[in-house]
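Below you'll find the structures, each written out as structure tokens.
One chain, subunit A, appears in both complexes that follow, with subunit B as partner in the first and subunit C in the second.
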Partner chain A sequence: MITAGIDIGSITAKAAVLNDGHILGTKVMFTGYNSRQAGKAVIDELAREINMNPEDLDAIVATGYGRNSVEFATKAITEITCHGVGAHFLNPDIRFIIDIGGQDSKVIRIDEAGRVVDFAMNDKCAAGTGRFLEVMARALEVDLDKFGDICLQGKAPAKISSICTVFAESEVISLISKGETRENIIAGIHESVASRVSALAKRVGVVEPVMMTGGVAMNIGAVRALEGKLETSIQVSEYAQVNGAIGAAILAGKEVG
Partner chain B sequence: MEALEKIKAIAQDPYSYALNLKKTTDKPVVGNFCSYTPEELVFAAGGVPFRLFGTKDDISLADAHLQAYCCSLVRGGLEDALKGNLSFLDGTVFPHTCDSIQRLSDIWRLNTGFAFHIDVVLPVKLDTQSARIYMIDVLNSFKSDLESALKNRITEEKLRQAIKLYNRLRQTLGEIYEMRSKDPDSISATDLYHVIKASMITDRDEFLELLTLLRDELKKKIKDRTLNTHKRIILSGGICNHPDIYTALEESGAEVIWDDLCTGTRYFEGDIEESGDPIEAIADRYMTRVVCPAKHLTVTARGESLVRLVKDRNASGVIFMFLKFCDPHAFDYPYLKKFLDDAGIPNILLEVEEQLPSDAQLKTRFETFVDMID
Partner chain C sequence: MADQPIVKDPEKEKRKIKSVSKMKEIMTTYYIEAKTAREAGKKVAWITSGGPVEFLIAMDVIPVYPENHGAMVGASKMGVDLCEKAEEMGYSRDLCSYARADIACSVTDGGPIGGLPQPDFLVCCNNICGTVLKWYEVAARHYNVPLFILDTPFIHTKLSESAKKYVITQTYEYIEFLEKQCGKKMDFDRMHEVSRLAVEGLRLWQEVLDTAAHKPAPMTAFDAFFHLALIVTLRGTQIAVDYYKQLRDEMKQRIKDGVAMVPNEKYRLLWDNLPVWYRTKWLSEKFSSHNACLVGDTYTSAWSGIMDLIDEDNFIETGAVAYSSVYINVSLDIMLETLKKLIKKYDVDGLVMHSNRSCKPYSFGQYDLQKMVMKELELPTLIIEADMVDARSFSESQIETRIDAFMETLKP
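Presenting the complex of A and B:
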């Protein structure tokens, strides 16, 4: 049985195609303005790459904030449920997931079957999200892909005390003018994100082992900073960014039995 | 459902209702923010207790007086008062509950200019013998404050009538809650929200008639075995002034079938003994009723009561809904959550201000929550 998951996030659209528990392929594209088209585009592109016809998919589950705009999906399921299933598929031991995406961060506790037991989301604010890192990378004129590596070179992370993204940006600018090193500022920015997210995680109660998913999981600086705050090691799969889509593809299998 | 339509019209536009009441009767309208307002005394003095729910407008005037950490109920209430939206109020009563309401009382007194202003300085503990003596004293002074403010003597006879009326109102609200709990299709959560809201603002004689009519109409409609298969949820928190919550939950596959809210069961639970001294009887209701988090019973009373409620109501989860910056509720949250977690009851927290989170965020939480309790 061949199933697909499509995860429409605020910044990127992800797709995964599975054949009875084997990943056939995954794809990440920018969501852009039209989330309706993004769902179609990402699955068509992935199908082309793995040489299959999208018509041959037995079921499709859509997830992410744009899940209801994917009209051809068999069902829409929230990304929280999907991340639980995806993480469980990648490593059945996982009990806690930190998913930091473009516009929000979520912490999810799951049971031994990958079912969500508890979760929390951040509220109405970019602090502790991928967007926060993006804004800061721009202010520091650093390529976002290099942000994590530079972060690890910071010997003494600068203190960023503002929670608000806009105020934190002004704080960063004043640190630059005071002559603080770029590495230390970037390390401080990651500490700030980790503080926000770890507070959310502690509300729900961290249970080891912990996995990080979502786009920000690819940023090694964010992972290390969170490991420090939570005093635990965090697993990151090569599929971290498409974890929600993988979970959706697995759930699609259950839709057709 | 004629009675329901009338009730909804009042709840959807409380200020127009109050303005019209001022035009057509000479009854004083007495504003308040809290389910601890001893409404029986206000009614016995000829007044209409009128619950305030905050504003639907943007807040601009109130923030000149209040800090950003005050909840939207406190900020919104002051906003409407300063804008002149509450011109129908003859005066306001402030029972002492949380810090922000206590501070608001003084700011209100200094800046809003209503004809009278009464603080009801309740004890923090309500269930001790000394608290009872103190509470009776507080109620007696509230009575004489009201008498001079409204220039109307509260005779024992009037107070007894008021207690009777309130008992009937509360019992009938309870009956309608029971019907919804038994068969959620008998009355929607949104409609019940309107009923409870209207019960706090409408002229109480008129409302009891409407409510009795509604109950009788619902009795004909209710099914012995409900066909509703949605997940049964209890909503816990302070005030809920967001009917959209109920619709979003229904669309996600869940129904609020009971609540633990100031604008809900905390308003109507607990009868008042009709024999004996009426003031003592009113004090006794507050002593025995489950407390709000601004009051103290024992350190575990609220947690135990919430777990019991979930079991008694055959519910499968709890949604905590707090106004952002409501510190009494926020302080109690970790302990209440632990009680539910230990009892294996799924729960989530939703913090709201005058506006709800975006529909997408709300649906993501609710749908996941329903998945969780599958």
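Presenting the complex of A and C:
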């Protein structure tokens, strides 16, 4: 049985195709302006890469913010459930997931079967999300891919006290003008994200082992900062960014029984 | 097209509550009477929702509720414009949206009924929050009318003897204030009759709410939000008593006839905090799409929650204690006990808490309450962030994801 999961996030659209529990391929593309088209484009592109016809898929589950706009999906399931199932698939021991995406940070506690026990999401604010890091990287003229590595070089993280993305950006600019090193500012930015997310995690109650998923999991600086705040090690899979899509593809398998 | 009759879905029609039309008629009459009070030679008092209205009724004063008005503003989706108007006047966006909407209506005669009738005096009881003190002071200055403040001490464990004495003394001062404003003595026989009607109304309202304990529920919390208006505005009158009798009987008949408000009711949920007035339909449909029914709530049961403390033969003294004991004037431990009773009574599968940006005393401590409920009762809970009137604090896609995800965790 071949199933697909499509995860339409605010910044990227992800797809995963599974064949009876084996990952055949995954794909990440920018969502762009039209989330409807993004769902179709990402699955078509992935199908082309793995030499299959999208019409041969037995079932598709859509997830993420754009889940209800994927008209050809068999079902829409929230990313919270999908991340739980995906993380459980990648490592059945995982009990806690920190998912930081473009506009959301979520913490999810799961049981031994990968079912969601409790979850919490950031409130109506972009602080502590991928978009926050993106804005800061732009202000510092640093390539987002290098952001995490530079963060680790910061010896004395600068204090970013504002929780608002816009005000924090002004704070960063003022730190630059005061001559603070780029490394320390970047380290401070990651500390600020980690503070926000760890508060959310502690609210739900962290249970080890912990896995981080979503695009921000690719940022080693964010992972290390969170490990420091939560005083625990955090696992990151090579599939971190497509974890929600993988979970959706597994749930699609249950749709056809 | 014009010739085609509108085909109504008979299933939907069957689920509609018939008493709604009567309720609308009563509320319309009430507001017409309030707005024409001067012509009829009657006095109008503004009073907070948790204030002891019975004394006003006994003195033949028409009570008007800025909070009920705030709810109407919210339900009419006029909240954002009015809140912005208040912000232009210099009021903070952090101020309660009922207060902002009401203050804006006072100066613009805006809102769904063109503003409230001018008050002759104001009665403010702080058992529901501290904001009302400043809000009513603003109104007192704006209309240049006297203000009576009834201060109810917060209850941490229980109301001390000295605190009881304190509120009882104020109740007598309240009567003196009313006698002075109305230029006549309180008729204590009439007061006794009003007390009796108030308690009867509260009992009937509770009986209405209790019908939702039946599976499937004949009504939801969304219906309770609507039908609540009379226990707030016309408590202590025969009108409220007659109406709630009618509504209770209709609910009982629905149970007999097997009419459920949510078809295929599978999940029963309890709601905490005020409604999101401008989104009740959306939320109701959202939960309904998951076969979930909000069968009860802490808000609409707050009025009747204190009725057992009232002795109608000694309303002045027992009422003062009862008014001090309302749901949000008590500690989290006492709130938890009330929550537990509701969870048990309605046999719910989950708790949905509205973290209401406007209502600080209701929302403060919700995360702790959530933890206690999850730990002690192992009941799944969900917190959604919104506001009762200011739609700018409502993010549809975020709330949709939270509700969908929560329902996914409840489903097997």
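Assume the second predicted complex is superposed on the first by the 257 of 257 C-alpha atoms of A that agree within 3 Å, B and C clash if a C-alpha of one lies under 4 Å from a C-alpha of the other, contacts with A are read in each partner's own complex, and residues count from 1 in each chain.
The criterion applied here is as follows: a contact is a pair of C-beta atoms (placed from the backbone, for glycine too) under 8 Å apart; a residue touches a chain by one contact, two chains touch by 3 or more.
Just so it is clear, the model here is predicted, and its values are computed rather than measured.
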{"item": "Joint occupancy of subunit A by subunit B and subunit C, clash or fit", "value": "clash"}
{"item": "Partner chain(s) touched by A:181 [first = subunit B, second = subunit C, both, neither]", "value": "neither"}
{"item": "Touching partner for A:65 - first (subunit B), second (subunit C), both, neither", "value": "both"}
{"item": "Touched partner set for A:117, first subunit B, second subunit C, both or neither", "value": "both"}
{"item": "Overlap of subunit C and subunit B interfaces on subunit A (superposed complexes)", "value": "65, 77-81, 104, 115-121, 123-124"}
{"item": "Subunit B-facing residues of subunit A, complex", "value": "65, 77-81, 104, 115-121, 123-124"}
{"item": "Interface residues, subunit C side, partner subunit A - complex", "value": "367, 374, 380, 383, 385, 393, 395, 397-398, 401-402, 404-405, 408-409"}
{"item": "Contacting residues of subunit A [partner subunit C, same complex]", "value": "65, 77-81, 104, 115-121, 123-124, 203"}
{"item": "Subunit A contact footprint on subunit B (complex, rising order)", "value": "341, 346-349, 351, 357, 360-361, 363-365, 367-368, 371-372"}
